[in-house]
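Scrolling down, you'll hit the structures one after another.
Each of the two complexes below includes subunit A, the first together with subunit B, the second together with subunit C.
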Partner chain A sequence: MRRILTSHKAIQRLYDAVAYVIIAGLLVFVLGPLMWMGLTSLKREQDVVTADLQYIPLHPTLENYVTLWNRSGVTTMFRNSAVTTGLTVSLCLLAGTFAAYSISRYRFRGRGGLLTFYLLVRMFPVVLMLLPLYIMLRSIGLIDSLFGLALTYTTFLLPTSLLMLKGFFDAVPPDLEDAARIDGSTRIGALFRVVLPLARSGIAATGVLIAVSAWNEFLFALMLTTSESSRTWPVVLQLMVGEFQLPWGLLAAGGMISILPIIVFFSFAQRALVRGLLVGAVKG
Partner chain B sequence: MAQDTRASAPPPKAKTPFSWRQPLALIGALSETRYWAYLLLLPSLLLVSAVIIYPVLSGINLSFNQFNLLRIAQGMNFIGLQHYIELFEDPDFQIILKNTATWVIFGALSQFTLGLIAALALHRKNLKGGAIARVLMLLPWVIPSVVAGHMWALLLDSRLGVINDILVRLGVLSAYRAWFADPATAMPAVLLVDLWRGFPFFTLLLYAGLSSVPEELYEAAEVDGANPLQKFRAITIPMITPVVVAAIILRVISLMNSPDLMIVLTNGGPGLATYTLSLYAFQIAYDNFNFGAAAAVSVIMLVILMVFTVIYLRVSGVTKD
Partner chain C sequence: MTRSSSYRVSRRSFLKGAAVAGAGLALSGCALPGAAPAAKVGGKIDYWHHYTSESEMAGLKAGEESFAKKYAGATAASITIPNADFMAKFTLAVQGGGKPDTTMVAAARVPDMVAMGGLQDLTERIKAWDQRKNFPDWYFNAATVNGKIYGVPSFMFVDWMYYRADWFAEKGVKPPTTFEEMTEAAIKMTDPAQGRVGFAMRGGPGGAAMVTQVIRAYGTPIFQDGKAAFDVAKATEALKWYSELYTKHKAVAPSVANDSFAQIMTAFRTGKAAMVWHHTGSLVDIVTDLGGDGKKFLPLPRPKGPAALINDVTPSYNGIVDPKNIETSWAWLTHWADKDTLITLMEKTGYVPSNSIAAQDDRIVKNPLYGAAFKALAGGTVAPAFAGQPGWEASVVLPTFQRILLGELTPAAGADALAKGLDSAIKGTLK
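Here is the complex of A and B:
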């Protein structure tokens, strides 16, 4: 009996070792490129474009960051991305919460069809609706506007947020709501006082996912904005390439700056995100 | 935790007559009627319909018309299926279709496989640093595709690329290689970049799926003397199938529809080696302004995605909800 137990333990330890090796290998794969980008952002341009590769920058400098920040309009574009992302997250969570709650709690005719419709919305290729969308937004004065961009993002991200939120609401026992209603609360009162507080980590997780998608979106932003005053950050990074001859140092610095908010955001929201996803993603 | 919230729920509101109390009470009363379920759906449905329906229908209509922004004076001319016929007669289009299949199938499979391995490793209990590793592992997925594209362009550059340098030092390569310029390696190289970007998405969802499998099932199987492989096949796989299906469908949609990486890395080249449908549609529209033909390519993409989803949902048998 004891022999079996120790061998069982040995096997478990072996599995743990395998898991550590796999995780370590994957972390090298994941972080290596990011670290190289960080190192590149600290190099002078002539140290990037050199035949003998410098693994550690010989002349570390923040020059790239300073140059980037001093270029006209960079702060505007950063702000544009922030505003668009904020608007998108608010719209998605507001409309998504109501719809997801309805789908989670009620059984009505057309419920399955509705879910199919939202899945279908995700599938429409960007290019298919590009021109009509452009014409439509222009006719109501929303072309080259952050609100128009946010409205477009919201439409495409609503299906995802709806499905995630539905999963989170499914996980809140209906009994709690019934109890609140017996105490005299209306349905909407119970939604705000019971369901939303209980699902808040799930709502936070959904918000983070929407924010990341909106912050990173590139194609619509490229097509639906035309002037410097409404360009978003990813578009600017891409357009930089055309302006200069592949400015590696600048691009790397731009890359580092654009992932900084995400890393900060993530380290704060990490706990809510992981916990939320445990409940939500599965049942969604 | 649930009970805590109930205990600390606010007491019934005092009856102070605010001016906005009337409409609020009205909404409260409305929420008790049987129209409530529909009213809740209305905002999102209106929003999505307003932004999507006209552009989609109009886009589909466009695919049956001759319409070029550069020759706008000629306006729209109905030409029926001509765009489609021209596409399928074009030998280049066959190659693009084949590339798209390679891109989507190898992309989804490689990312799923690596994502599953990562999720299984991260899911082991009591690993030191597991929480940090889970967050770090997500980073590639949350950075902008444009940034990822340029970063990898530098890593794999034919003159400045550190990966070339490492491979030469290790003796794997005898000389630097132009990964994105060689027809034989261009597609695998872009697939590698997308593997880096895409596998964390699977890790995230599969990890969540694994965590939701009740521990008791494994304990019961252990009592019955099941070995790890049997447990994996009899418990883990069936329990996480819904998550797997959802994740694969979502990933296939984005592989099919987003040309971001190709735009940054290869622009379809060398030759047609990395041309996919999404890039093709994008370029016909953006570079040639031939919106009719671009719409036709998009409609073909949409049909492929719909057919794939329907078949996949049928085959996997998770069409309950």
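Here is the complex of A and C:
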């Protein structure tokens, strides 16, 4: 009996070891490029392109960060990204919350068709939408503006946020709202006082995903904006790639700066995000 | 006190005098060459370009400042668009009604930009332009569509090759002047023990232009007099020679089918390749790494093929897209063809001026590194251009050549595929 238990333990240990090796391998695969980018950002340009590979910077410097930050327009474009992301998250959450709640709670004709339509919007290659969006934004004077860009992002991110939020609202028992209404609350009152507080983790998770998508978006930012006053951070990074020159150090510094807000955002919203993503995962 | 009648001015005589003076002023204005158009130069125009590097931006800024000094009250707002996305953004702006005033025009893009109605006809203005005599006729060829000129040449990309002068000297090998000599040199310079290859071949993105140049060097012009001029047998020989540098002689890096500008230039700059083909645009970077004293590297015109010496000179043009402020736009275009503006740009970037007066300037002529560029420029050739060419190069030439490199196609089958693709591209049916 003891021998069987020992052999079970040994097998378990072996499985654990294999699992750890696989996880470590995956971590190297995932974190390796990030570490490489971080190390490159601390190298001088002449230490980046060398005959013998340097893993650790021999002359670590913050020169790339300083040069990048002092470049004309860089701070403006960083701010533009923050504003556009903030506007997009606000628009998506505002419209998405009400739309998702309606679809979750009401049974009306065309409800299923509406959901399919939202999914359909996501199925088109976004590049096909460029020309009509360009013409529409131009005709209402929103081309080359942060609000126009945020509105564009909203058209593509709203369906995702709506479908996510609908799932979170579905997980809130309608009986709680009914109880509130029996106590004299209106439908809107029940939404704000009962449903939204219960679904706040899900709303936070949706907000984080929208923010990440809006922060990293490049195609629309390039095509629908022209001036420095409305271009965003991913465009700045792309503009650093010269046709005949590649400033690896600067690009790496730009990459590190661009992931910084996302890391900060995640660290604050991490608990809510995980809780939100797990809502409805376990019933009972 | 009375006033003499001779000094008395009646209303009629005042009006007469004013009319005569006005007419005189108007006539004097007409008599001054250039005075009338100069009066119309003013306001703000925008300029789309694909300069991105720090050196290019420094050259552009210097040009903007001298323009503002030359034309008081006129300013140009430069908008950077990454080269890879330039045509997508330009097409969107033209189709969507948000045209810029002026734009940089790469030679290969002229037919497509004209076809979509994105460029204004400048033929008459160029004919009447006082600097026209400083530009050889052929500089305008790539900007001419159906006899109309759509661009003013600014700077030139002059194709050449760079080679490691120190390694060639060590091994006692002469720099190659023909394709055969290049094969021999590439084989001799390849040294796996030292991690060196003879030639940094661009078989990845952007490599199609080199393939078509080799094909033309074998005597088939690809496109001539408005129709296809593609000899499959000669193209087969060309593809065979070029691909065998890798498939047979192994004088090229094994990653060739994926190697783009960054890889080939890094290989040369870090001492992994003995020769590389590019143009004058990369000189500044190479000098930074290998020095400009000619000890480690030297530039040289490309080697001659069996039938022709192909040293493509690619002018970069500027064109007018939206004519709403055409005088200021024209002033901007001619400013970027001006000798002093171009020399300043060259000093910042290494790009060769198109204005022949600038090319005779001491600052250029006395720079030994530019000797090869002007040698190449003297016998320079212009790549064929036709609507659909960028698509043919990207979706037919490059993947076909990559398949030959990988052994999936023979050079003969590859040449057949190129011919068929060319036919479709010209007909506009290429998928």
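Please note the rule applied: the second predicted complex is superposed on the first by the 261 of 284 C-alpha atoms of A that agree within 3 Å, B and C clash if a C-alpha of one lies under 4 Å from a C-alpha of the other, contacts with A are read in each partner's own complex, and residues count from 1 in each chain.
Assume contacts are C-beta pairs under 8 Å (C-beta built on N, C-alpha and C of every residue); 3 or more make two chains touch, one makes a residue touch a chain.
This is a predicted model, so every value here is computed, not measured.
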item	value
Clash or fit, subunit B versus subunit C on superposed subunit A	clash
Which of subunit B and subunit C A:75 touches, first, second, both or neither	neither
Touching partner for A:247 - first (subunit B), second (subunit C), both, neither	second
Which superposed partner A:7 touches (first subunit B, second subunit C, both, neither)	neither
In the superposition, subunit B vs subunit C on subunit A residues touched	B
Touching partner for A:37 - first (subunit B), second (subunit C), both, neither	first
Partner chain(s) touched by A:143 [first = subunit B, second = subunit C, both, neither]	second
First (subunit B), second (subunit C), both or neither touched by A:229	neither
Colliding region between subunit B and subunit C, picked from 116-124, 242-250 or 368-376 after the shared-chain fit	116-124
Those residues of subunit A which subunit B touches in one complex and subunit C touches in the other	49-51, 130-131, 223, 238, 241
Footprint of subunit A on subunit C - complex, ascending	46, 50, 52-56, 77, 79-83, 85, 88-89, 92-93, 95-98, 261-262, 265-266, 269-272, 278, 281-282, 284-285, 289
Complex interface listing, subunit A residues touching subunit B	15-16, 18-20, 22-23, 26-27, 29-31, 33-34, 36-37, 40, 48-51, 53, 55, 91, 94-96, 98-99, 101-103, 105-106, 108, 112, 114-115, 118-133, 136, 151-152, 154-155, 158-159, 162, 173, 176, 179-180, 183-184, 186-189, 191, 193-194, 197-198, 212, 215-216, 218-219, 223, 233-234, 237-238, 241, 248, 251-252, 254-255, 258-259, 262-263, 266-267, 270, 274, 277-278, 280-284
Complex interface listing, subunit A residues touching subunit C	46, 49-51, 130-131, 134-135, 138, 143, 222-223, 226-227, 238-247
Subunit A contact footprint on subunit B (complex, rising order)	2, 5-6, 9-10, 12, 27-32, 36-38, 40-41, 43-45, 47-48, 51-52, 54-56, 58-60, 62, 69, 114, 117-118, 120-122, 124, 126-127, 131, 133-140, 142-147, 150-152, 154-155, 159-160, 162, 165, 196, 200, 204-205, 207-209, 211-212, 242-243, 246, 249-250, 253, 256-260, 263-264, 278, 281-282, 285-286, 291, 294-295, 297-299, 301-302, 305-306, 309, 321
